[in-house]
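When the chains are written out, they are named A, B, C and D in that same order, and each has its own residue count from 1.
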Amino acid sequence: MHLILFLFFGGICVAGAVNLLLQRHPINSALSLVVVMASLAGEYLLLGAEFVAAIQVIVYAGAIMVLFIFTIMLLNAGEEERTGKSRVAIMLGVPGVAIASVLVAWVLLRHSGTGDVALFALPGVPHDIAQLLFHDFLLPFEITSILILIAIMGAVVLASKPESIAKPSAAEPAEQEARELVASGRER
Amino acid sequence: MTPNPYLPIDSGPIADLWLIPVLPLAGAAINGMFGRRSSKTAITTIALVFPGVAFALALWLASGFSSASAPYVFDKSVHWIRAGNFQADFAFYLDQLSLVMLLVVTGVGFLIHIYSVGYMTEDDGYYRFMSYLNLFMFFMLTLVLAKNYLLMFIGWEGVGLASYLLIGFWFTKDSAAAAGKKAFIVNRIGDFGFLIALFLIIQHFHSLDFTAVFEQVAAKPTETAGVGVLTSIGLLLMVGAAGKSAQIPLYVWLPDAMEGPTPVSALIHAATMVTAGVYMVARSHIIFERAPGALTVVAVIGTLTALFAATIGIAQTDIKKVLAYSTVSQLGYMFMACGVAAFSAGIFHLMTHAFFKGLLFLAAGSVIHGVGGEQDMRKMGGLRKYMPWTFWTMTIATFAIAGIPPLAGFFSKDEILWMAYISPHGSRVFWLIGVITAFITSFYMFRLWFMTFFGEYRGGPATHDVTHQSADAHAMHDKHDQHGHGHGEPHESPWVMLGPLVVLAILSFVGGWVGIHRGFDRFLAPVFHSQEVAHGSLATADEEAAIAALEKQELILTGVSVAAGVLGLYLAWLLYYRRRDLPDKIAARLNGLYDAVVNKYYVDELYASLFVKPLVEGSSVILWKGVDQRMIDATVNNAAREARHVSDNVRHMQSGNLRSYAGWVAAGGAAVIGYMVWMGVR
Amino acid sequence: MSILTFAIISIIKSVAVVFVLLTAVAYSVWLERKVSARIQNRWGPTKVGPFGLLQPLADGVKFIFKEDLTQPYVYKTLYIASPIIAVVFAITAISVIPFGNSITIGPITTQLQITDLNIGLLVVLGITSMGVYGVALAGWSSNSKYSLLGGLRASAQMISYEVSLGLSLIPVLILAGSFSLREIVNKQQHLHWNFFYLPFGTIAFFIYLISAYAETNRTPFDLPEAESELVAGYHTEYSAMKFAMFFMAEYSNMVTVACLSTLLFFGGWLGPVFGPPILQSLLPVMWFCLKVFFFMFLYVWVRWTLPRFRYDQLMAFGWKFLLPAAIVNLVLTALVVAWKPEIWLVH
Amino acid sequence: MIPLFFYLGLSGILFVCGVLGFLIKRNIITIFMSIELMLNGVNLSFVAFAAHWHALSGQIFVFFVMVVAAAEAAVGLAIIIAVYRTRETLNVDQVNLLKL
């Protein structure tokens, strides 16, 4: 049972990932990525990490990917045209990645063959996670909050039009983009 | 052990010896600092008063001195160096030997000062010249009166400096400057040997003070076999002496030193400085007596130099060059005397030589002065009529140096020859070479005499003989001797120059008599306790007959040397008076030898090619081009170029293309992972 | 309770719930048209069936048979996919909503809820956030300026208000102590409705309600389909069936929001219960339906009374007022609860 | 019970797809997405190991990864917009001002 579900979600994941590579239009790859994330949430549920799965759906699939879709829509990115500019990347990069992955896989095979994981092995109940998060990991939690703050400010400054006199609000970047779009809309 | 009676004794009557050297120093300082602004008479008075007072003081000290009296000691020795167990002080010391030197230096020095007042009045660097002369007097006196080797060495260097300054007095003349440098460098080479000798003394005797060192040396046995400590010290001292007193290997600087004004040549290169080497050897006679090996080396060098320099003297045409080579050969005589352990004879000849060689130089100066700066004897002739005083004083000097009795030269030279003959350290060979040199000496001296004073005056008033061998020297000299030109007829020098000439003439006439009946020898006995003197004045008087035989033998040898002198006179008279054409014919016939002699056996050229050129070439080719450029600069420049090349190649990696960066990162990642896995697996 | 029976029961339950949901959606359309008409002093649909009750059926038939135009310039795949996405996520949200206590038919007692996840509320939130895709992609794929603008505005609005929605729910969680909706309702026994936890519960409710309205693009916040400006917003290019799907998605979202507000703040199916066991298990459902109806009525009522927000006002209100209020409310409830847990928390 | 390796394998595959995406794709946004994919692959391995070692901290880490990913996405997309505004193109090969 566990295996079937695992293979099901795993299959979707891999399909989505490969699709991301193959698709020529970014919107398609974005959606395939959303599919990958959703199926990953499924995988997390299989492992019992339900809170993580929920957050994965809400944060990753729900917020970040929407941002991506937003950007694609805003910039109406077209098809990818073939500009074979950097041979180095292909000739050097791809073999490098191949070698690295083969090596890592080989090492994993040799060393971790024995361990296995049960269905719902570790129930990631929100209560325990909260307990852990706000006690042991409080400092990282606070630091990440500051990180997010900085990211917001950075995004606002970067995305705002240089000559725009609009006072950069502390809005979510998404909202910022929307306002910016409206402004551009009015201009055109 | 009872103190050896003949060692220098510290406890002598106290005398302010330090005054004697300090006075000329004061003179030099005053002239040096204020000379530029003060008037000529002021400079002259200072330049003469200070050495004169020093001379008077010396005379006063000499009056209270006799062979038996103990040496004066300046006990208020100022502490100078206190380093561990080694100490050296400013200590002065006057005994019979240094008294003689003192009198010679101050006496002859003072006369030359007077002479140079006349000679250098018109020169614009007059105050500078006078202060240098006083400075020289100061260093020479420190050298002579020093009580330890270190202070002597200071005098030694100072004298070298003074000679450099004075030779290169007319520094605008390149040849003068070059001669000054040459003198200084060759002296330094000699001083190098002297320094090492001092180091050896310090190492073995832990002190440089004469009394201390000589006590320890006296206690050591004479080194007969191999090169022991004393022999090596002796040899090294000899090297120093050879450097300073222009002996065989290091004599080349003296002939060139003639670039300086004539009074300088007289004072430094005849009377005083060059004799410093002889004085030093005499002073450290105890070391040499215990190192027979070193002694014979000294003798050999002395005789060889005497003969060698004399032969060169024959062919020289420049009057001062002839005198310079005669000085070298006379110094050779003195070293020969010291070499055969007849130190007192050496010092006696030193004194007489100072008189007649000083006179010869000063006379030559007045001759040059008279004919308007002309130094080439072939331009002179018949000056008898024009300069009677100079002629007569020069005659006395020439006869003295030739060793014609009753003049001074005969007594001292004969003493040396006799000592060379009979002294246990000497040998018949030295005596024979000595006689031959005596003959050559008298020949070239009378050649000079005849060429300068007899025949008709060959020098035209304004003619410039361009073909003359040392044309440049002549022309340059002309420029300096302002009043030379436009005089037409040669004239007699003023009295201020002739005065010293006359005094020196009297001295070189009378000087020799001091040596009759070993007078001089007995006077110096306390210093040299020369009981080995042939007559064995203190020896057991049993073999009256033996002494009588010795005296008879001595008379015979004296006769032989006088004959050699007369023969030289006759030959010079024949070639340069009767048959003036002969010399050129003879010269033509033995042209090879004649050219060699004229060119001073190409010794200068030899030294240049042996030492100077390789040094200069070596440093430029090997050090400059080889090491500096090809090694050091090259490495630096190459490193920079290589860095540029490498960075140029690497630059292409940063193509600005994001995906190539990713490619590189991936490749790097793979490499790292591969390495880690490989390490892990290994 | 073997796997088989569990499967059958869950299938029956889900079919029943979906059917009820769809009819509720249809009749909420009817309700809206009737109520809006009454507000505007007119009758609304009365011809089709008594009191126009069959009007939704008529509309449904109309939508099915209407010609479905797909413009050539649209981005075909996504154009078709987006309405489906919207409907699917809207409907799946209902799966976690409990509408009654429990019911025993014969040997089997089962909970009146499709499934009770202990992170129920999070799932609902997740699904509603996924709903944004339907709208965004619809706007983009129909390849026209209006629809693009409509789609962007709608998704921007939904994202922005999702934040304040989430924050406003947290006080409820603090009081209930669990994500599971059933737990939350059980914690509100004996009229301890969260709504009555003055002042925090009520504030949380109002913030929730307002951001929920924005989430479903309704009433004051229905700018995207504002007829006057953007023709029909993101579903301008859609016709017939796909248009109907968007409508269904919208109304099912409304139903979900209504259910949630009753569950979280008004004690869900809690109400006076009496009579025989079958009645006792059905009465809670009746209470639940009454409350949901009330909120649906509130929806329609608000829609036809309040004027529409301008877009920047909407955004400013969302970020500058609603979000801070939610945060403050959250912090205060946390403080108060931490200070006097025994008063506030029901064990 | 599934051997741990399956999960790691899956996450490995996802990661490799992400890297390949980064290498092959030319559109900046797609490259950015492949980074997200890589991060997701990592998250999966985190959760898998957390389950295997029965330590919840693994899952906590996933949260932090998500936060970072969110921050990165925000800033990254802002940059992409800025790039687009000045360059009028999203093709990464044309955004190579550093080129010599």
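Annotations
One rule holds in what follows: a residue touches a chain if its C-beta (ideal position, glycine included) is under 8 Å from a C-beta of that chain, and two chains touch if they have at least 3 such contacts.
All figures in this text were calculated on a predicted structure; none of them were measured in a lab.
Chain D has its Cα centroid nearest to the centroid of all protein Cα atoms in the structure. Set against one another, A-C and A-D show the most C-beta pairs in contact at A-D. Distance from the chain A centre to the chain C centre is 28 Å, each centre being the mean of its Cα atoms. Once the centre of each chain is set as its mean CA position, chain C and chain D turn out to be 34 Å apart.
Separating the CA-averaged centres of chain A and chain D is a span of 6 Å.
Chain B and chain C have Cα centroids separated by 125 Å. In chain D, 19, 23, 26, 93, 96 are the positions where the chain touches two or more neighbouring chains simultaneously. The residues of chain B that reach two or more other chains are 655, 657, 659, 662-663, 666, listed in rising order.
In chain A, 51, 55, 63, 70, 72, 74, 85-86, 89-90, 93-94, 97, 104, 177 are the positions where the chain touches two or more neighbouring chains simultaneously. Chain pairs recorded as touching, per the definition above, are A-B, A-C, A-D, B-D. The residues of chain D lying in touch with chain A in their complex are 1-10, 12-21, 23-27, 29-30, 32-34, 36-37, 40, 43-44, 47-48, 50-52, 54, 56-57, 59-60, 62-64, 66-75, 77-82, 84-85, 90-91, 93-94, 96.
Across the complex, chain C is touched by residues 27, 31, 34, 38, 50-51, 54-55, 57-58, 61-63, 66, 69-70, 72-74, 125-126, 169-172, 174-175, 177-179, 181-182, 185 of chain A. By the touch criterion given at the top, residues 19, 22-23, 26, 31, 92-93, 95-100 of chain D touch chain B in their complex. Residues of chain B touching chain D in their complex: 651-652, 654-659, 662-663, 666.
Contact residues of chain B toward chain A in the complex are 655, 657, 659-660, 662-671, 673-674, 677, 680.
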